[in-house]
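Once you scroll down, you'll see the structures, which are given as structure tokens.
In what follows, subunit A forms one complex with subunit B and a second complex with subunit C.
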Partner chain A sequence: MSDKDLQKTENTAATERIRNVKTFVPRVDIYETKDALFLIADMPGIDEQTVDVELEKNILTISGRVENGKVKDYRLVFSEYEVGDYERTFTLSDEIDRDKIKANVKHGVLRLELPKAEEVKPKKIKINAA
Partner chain B sequence: MKGGWSMFGPNLWRMKRFADSVPELIDLQREINRLFSSVGQAAGADYPAINVWEKEDSLVVTTELPGMDPDDINISVTGSMLTISGKSKGDPLKAGETYLRQERELGNFQRNVQLPFQVDSPAVEAKYEKGVLNITLPRQKEDLPRKIQITA
Partner chain C sequence: MMIKNLLPDVVRRTRADLDQPFYSLQKEMNNLFDSFFRGIEPAPRGFAGYFSEAFSPSIDVKENDKEFIIKAELPGVEEKDIDVTVTGDSVTIRGEKKEEKEDKDKNYYYMERSYGSFCRVIPLQTEIESGKAEARFKNGILDIKIPKSQSAKAKGTKVSIKSG
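Now for the complex of A and B:
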């Protein structure tokens, strides 16, 4: 675990909400395999009902709405983190096969599989002996 | 060899001055140790961040631990000390696969929280939902404030 900033980063560029809540930038891991890009975003407090993945032209937006993190009948006496919505935008290259994007949510983590388009997958070129 | 001794000999007087400064050196070393003792575990001590909620007879500690396997989260209570520890795992990458971005917290963590009262440990409940851990810690009955009757 690195010594980087442990606090959530507020997304000040995100469109303002009607509700008076903060919007945070979810932390993501992105890795690449032969066939696809995988994007994993930490968005604690969201589930499949409250998360949105949108692709418009080549702009991928992931957002999540989190109900206030209040505990019923209790009052907050000590706070190290804040609860709010999530939003983050990525520009995709043309290499992604948009129709085959898959998404799932588990334990507050959004996982996107962005398959590479057929034509950009590395191809083995056969060399014929002359 | 003889030359070596003669070089060392005249310098022995310095030892006295060195001995005089030993207490200061020990203090300095202690100070340096204190400064560096938390370097390796600074992040571990502060992660995960917690929120604490209160009611008359219990506390709730909430913390965001996205993407954990509930079996990998260990919660223990000893007296008035709550310990949350565990290990978050990333996707295993195969050879030739690379991270383009790596921002999520992965690895071992441990957090000790000193609570203001003795906890009724068998009654502690924990819930893990949507990546948020919610621990309810009831106060021990004997530890609850008692109303004292005043006799006239």
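Now for the complex of A and C:
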């Protein structure tokens, strides 16, 4: 398997881009509580300036840009990870209250809180005694 | 041997692998062969690592004549939970990636991230000055710089070749 094959395969996951770096799919946890949807993504190397979250209709895109960590004049002794950008797209099923989306980044982990819109939250109807 | 083919390890699915399971299998096979023929290698991640999705950081090691640079991906780990130990010729990174407090009302859709304790020993073929190691942790990436010892540097003395 040549070096070139590797690069090609890894790039297919993302949209075409101009930057000459690989794009990876970040690993995520997604869970739902009754008020909100939470998305947690491991994106080592990103900070609040280099991460982007977009929601268009019900398509949520998270992306992160990582500056190339190439250091000049160093030989690689061994390598298990490669530096590259992150991109992943999700389709959300529930209606999300766009104005209340919260995002924060800590230690290379992106944490998104997507509160559900009032109309889709489960409601308990109070029954009055007649 | 292509150094790139040595890349990601057996256990951890890399980010690209999530989409391409067959490709990842092929890569695992390459890895097995490559690591067999390769001299230097970090200690294996242990059986727990092979059979479960326990967290284990990916590591890069670079060197020049003066020093080693070790980088490890530790997303979501706190500084206080990381322990770096340097001996004469190896570096040990250990720590724990803590799972969030379990909330009973959570309904999970995706669970791809992994948690747990990890320990990786990185043998370095050259003697190092353990006292002068520096470590930084930023945005989930641990960066360790360790200078090579004077005697190690001296080993690589260049011999000039005279003509005639």
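The definition used in the following text is that the second predicted complex is superposed on the first by the 114 of 130 C-alpha atoms of A that agree within 3 Å, B and C clash if a C-alpha of one lies under 4 Å from a C-alpha of the other, contacts with A are read in each partner's own complex, and residues count from 1 in each chain.
In this section, a contact is a pair of C-beta atoms (placed from the backbone, for glycine too) under 8 Å apart; a residue touches a chain by one contact, two chains touch by 3 or more.
What you see is a predicted model; the values in this text were computed from it and never measured.
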Original post:
First (subunit B), second (subunit C), both or neither: which does A:79 touch?
Top reply: both
Original post:
Between subunit B (first) and subunit C (second), which does A:32 come into contact with in this model arrangement: first, second, both, or neither?
Top reply: both
**OP:** Could you say whether A:43 touches subunit B, subunit C, both of them, or neither, answering first, second, both or neither?
**Re:** both
**OP:** Mind working out whether A:24 is in touch with subunit B, subunit C, both or neither, as first, second, both or neither?
**Re:** second
Original post:
Residues on subunit A in contact with subunit B in one complex and with subunit C in the other?
Top reply: 1-3, 6, 27-34, 38, 40, 42-47, 69, 71, 73-81, 106-109
**OP:** Enumerate the contact residues on subunit C facing subunit A in the complex.
**Re:** 2-9, 13-16, 18-20, 23, 26, 30, 38, 40-42, 58-64, 68-69, 71, 73-78, 103, 105-114, 124, 137-141
Subject >> Contacting residues of subunit A [partner subunit C, same complex] >> reply: 1-3, 6, 9-10, 12-13, 22, 24-34, 38, 40, 42-47, 69, 71, 73-82, 86, 105-109
**OP:** Would you pull the subunit A residues touching subunit B in the complex into a rising list?
**Re:** 1-4, 6-7, 27-34, 37-38, 40, 42-47, 69, 71, 73-81, 106-109
Original post:
Can you list the residues on subunit B that touch subunit A in the complex?
Top reply: 42-44, 46-47, 49-55, 60, 62-68, 90-91, 93-94, 96-109, 128, 130-132, 134
